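Report on the structure given below.
Order of writing sets the labels: A, B, C and D. Residues in every chain begin at 1.
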Amino acid sequence: MADAQRLRRRLEIIIFHSNTVPGRWFDEALLFTILASLVVVMLDSVAEIHAKYDEILSLCEWAFTFLFTIEYLLRLYSARKPAKYAFSFFGIVDLLAILPSFIALFVPSAQYLLVIRILRLLRIFRILKLRQYLNQANFLVTALRGSRQKIIVFLLSVLTMVTLFGSLMYVVEGPENGYTSIPKSIYWAIVTLTTVGFGDMVPQTALGQAIASIVMISGYSIIAVPTGIFTAELSNAIRGENSILKPCGTCGKELHEAQASFCSRCGNSLYKRAVIPE
Amino acid sequence: MADAQRLRRRLEIIIFHSNTVPGRWFDEALLFTILASLVVVMLDSVAEIHAKYDEILSLCEWAFTFLFTIEYLLRLYSARKPAKYAFSFFGIVDLLAILPSFIALFVPSAQYLLVIRILRLLRIFRILKLRQYLNQANFLVTALRGSRQKIIVFLLSVLTMVTLFGSLMYVVEGPENGYTSIPKSIYWAIVTLTTVGFGDMVPQTALGQAIASIVMISGYSIIAVPTGIFTAELSNAIRGENSILKPCGTCGKELHEAQASFCSRCGNSLYKRAVIPE
Amino acid sequence: MADAQRLRRRLEIIIFHSNTVPGRWFDEALLFTILASLVVVMLDSVAEIHAKYDEILSLCEWAFTFLFTIEYLLRLYSARKPAKYAFSFFGIVDLLAILPSFIALFVPSAQYLLVIRILRLLRIFRILKLRQYLNQANFLVTALRGSRQKIIVFLLSVLTMVTLFGSLMYVVEGPENGYTSIPKSIYWAIVTLTTVGFGDMVPQTALGQAIASIVMISGYSIIAVPTGIFTAELSNAIRGENSILKPCGTCGKELHEAQASFCSRCGNSLYKRAVIPE
Amino acid sequence: MADAQRLRRRLEIIIFHSNTVPGRWFDEALLFTILASLVVVMLDSVAEIHAKYDEILSLCEWAFTFLFTIEYLLRLYSARKPAKYAFSFFGIVDLLAILPSFIALFVPSAQYLLVIRILRLLRIFRILKLRQYLNQANFLVTALRGSRQKIIVFLLSVLTMVTLFGSLMYVVEGPENGYTSIPKSIYWAIVTLTTVGFGDMVPQTALGQAIASIVMISGYSIIAVPTGIFTAELSNAIRGENSILKPCGTCGKELHEAQASFCSRCGNSLYKRAVIPE
């Protein structure tokens, strides 16, 4: 019983942590397997490859499903709190990465096969596990979180603009020039404002082209808004990183510049060793 | 009479303010109704849906018009200064949101029906009421206002550039390659400079492609200008937010950093309690 | 003779300066005339309008040429240093704005008519006079001048990239997919890297699409470079504006923050009146 | 023998350095020759020019190859450490710039001729020598190196997004609307997210257009991320440039602002001559 307990601890260290040698090997092998299974899914979607290598690819997919199922069960077995793992973000992603294959097993009717192909694509979520290896993303996330409110205001302004401009174009250009409905005209406004410009719908009338010009110059200019918001927040986050916790013995101010020797508030020395001759 | 007065006050609090429970309920119900009416207008513009559900959609639109009319009259009745409300931005938007339906009533001739559809779209302005819920947009507005002059200079430079490049392309490519007039060539220059690139007009000659390359690289580079302007202004606005009013007792400087304990001008303590032992 | 001298002085004040009432009127009238002549040139380029109103437009153009010629001669007459004016940027632009019409006069051969139309477009340079009214552009120009070297390095990097990627695409896609020569493939690389994306040439092979993906993600990412350069320079320029000339009486440091009362270098008071009690 | 030694030293100074008059002449002549050879390669790729001037262009290419070969041999002869040069970046580029012509000589089979044309394009790498003249690029490189980690996180996020959105579009739109495989749908997602928008594949279904709208607005917004990263790093790099090495005699802090006269850490004078009267 103590052996089973010890095995579980060892498994937990190997599977959930990567600060031991076998733990890092496991993580690297897992990452490689995820990428390989992703390549198989992608190749299977190419018609010519599917026609030729259907059987091999199908076999590979089942092999990967088998591996990921064992991995999922081991994770459940070795986790300190299995329920917490199962309902965590990665627990759900791990489950979604294997489910589609099993659903396809018990529902063999041809009609559903197409839907299964759709679900099969969810296996791509496996790649999201990559995020486990990316802890240095914190900075960007901090900056994005800090500017969340401003970004919402910005997105709502953009949605208002595309709704107004899209409706205006529907009236000006009309169904005969391809602007067949307001939603489709709003889609065009998004294509144009974001400076994507597919060219599948283009204004034909002089007035439509004038409005399109306004939309394009607006889109070209207001791209400055998210950029400005994010840059200002990121500068703040980086400045925050440069500050360090070094409480002043005299006045108590806690955050100081990394290089500071004297308190920026009361002017007294932050280090006992650095006494200025008086 | 005092009852009527009291009713008006209560109505004003419910309709114009949202700091009471019924006031917030009213605002939320209004926002939902506006969105619903917007969806109806959009669905009505889709040809297949219009063919099937014309009557229901028409009924819905009249119901919304009725509701918004009552709301408008109640706003006029309960406002402290009805005239001020009527000529305020939202007063005019509220009126424009109901007028098109009534104009369609008294002008039944088939020829005008199309025009009514155009006016009907003005109902979309209702969504602008969303702005009432977005007070946190102040920051972005401050930054935009601060950079207004620089943005006008930037837009005039862009207009000059597209006029010159558009005319040049009209001469170089000519009507046989789709550049049928100077205004249309300017439209192409806007499409290209803003990096939208629809692809409905493309240069065919080697010289035209060389000029187009210059336009594209210019557009790609000068997008830095609005971004730089806005970022610098937004940084200023955010720094302004971090400053607080904390007048110095010795020299009188009023604005200091949020964390400051000592005046950044004369070095004396900003707080009486924080005396440094000497 | 003194009268002629006085007339020249008055003319100079009216024509070259805008700080008197008639001077401002003259400038405003001139700006309006330039815009009107620009509209005439543009309308003349539209085939339908040219067919109908050829004579009127031709008359207008001659009227504008006549006005601008008189203006140019008066400028030459009233300028303190006529030669300096004639060879200044605006002197040359003023001349280029009237020359095309006169060249068309003495060269009546039909073959050259098309060329005249080309020269006629130079009249658009008149609008550049607008710059006289835009003194607040200094900021942006300072920022651009400060980042000139970095921008040249950036543009050379971009040119190197599009040359390499363009040649690579010529080899990979080849003439049968529309990449008929290296210069045209470089043009495609510019269209793609600047995120314009006309869509007149698109990669057909899998390898070509992979290379195109690299070009697009590169273009999407390195747009950060001009933006970063300009933002950093503009922040510097704005910070420079906030500095004011306030020489310190003790150590001589000349530039200080607008709000500063004490020298940031030696700590002594910048104002005699603001003595700190000791 | 001493003469040969002296000749090598003189050659080294002329070829590898540009601080003498003949050294600068050599570098300028080399730059001109590289550009000329580049023009020849490009002209040769244009079908009409190739048909007419095949012989002259072929001769030019051989002349350039001859010149660059002599240059390469002289570099090897005069370099202080020939092996170090040969395996340096520019040593390899210099070799790659001449090899293709010689490979074409000894492999005369018609089948390989096409491949030789491909290798011939490697001669374009010669232009990379331009980098020798661009030492002022350090700034941008410093900023890019500082933000390398963040840029990798950003690129991985973008790759994850285009994979997920591409697969989703493959399911939603399907092969009948041009989304023939997952890799091709991912290519479309890259085209759309980077706001290039070729328009060769466009969503046809309402759901597809809705997803495309999300991709476009995401791409339009997250362009802020690389820009913000680079701007923040570049500001740091520029601020770093403004700092100079001026060690404080009292506390030893080494880096100070260019204008500083007093240590920002201990407050003592950085210069002996600048003593404040007390």
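Quick notes on this structure:
Here, a contact is a pair of C-beta atoms (placed from the backbone, for glycine too) under 8 Å apart; a residue touches a chain by one contact, two chains touch by 3 or more.
Note that the structure is predicted; figures quoted are calculated from it, not measured.
Among the remaining chains, those touching chain C as well as chain D are A, B. Counting the residue numbers that touch the partner chain, chain B and chain C have less than half of them in common. Comparing the CA-atom centres of all chains against that of chain A, the greatest distance is found for C.
Summary of the copy comparison: rotating chain A onto chain D for the best CA superposition needs 90 degrees, to the nearest 5.
Look at where the CA atoms of chain B average out and do the same for chain C: the two points lie 29 Å apart. Note: centroid distance chain B to chain D, computed from Cα atoms, is 41 Å. Within chain B, residues 154, 183, 195-199, 219, 223, 227, 229, 231, 235 each touch two or more of the remaining chains. Within the complex formed with chain B, the chain A residues making contact are 149-150, 153-154, 156-157, 160, 163-164, 167-168, 170-171, 175, 180-183, 186, 192, 195-199, 202, 206, 209-210, 212-213, 216-217, 219-221, 223-225, 227-229, 231-232, 235-236, 250-251, 253, 255, 265-268.
Of all residues in chain D, those touching chain B in their complex are 195-199, 227, 231. In the complex of the two chains, the chain C residues touching chain B come out as 38, 41-42, 45-47, 117-118, 121, 124-125, 127-128, 130, 134, 136-137, 139-140, 143, 151, 154-155, 158, 183-184, 187, 190-191, 193-200, 219, 223, 226-227, 229-231, 233-235, 238, 259-262, 274, 276-277.
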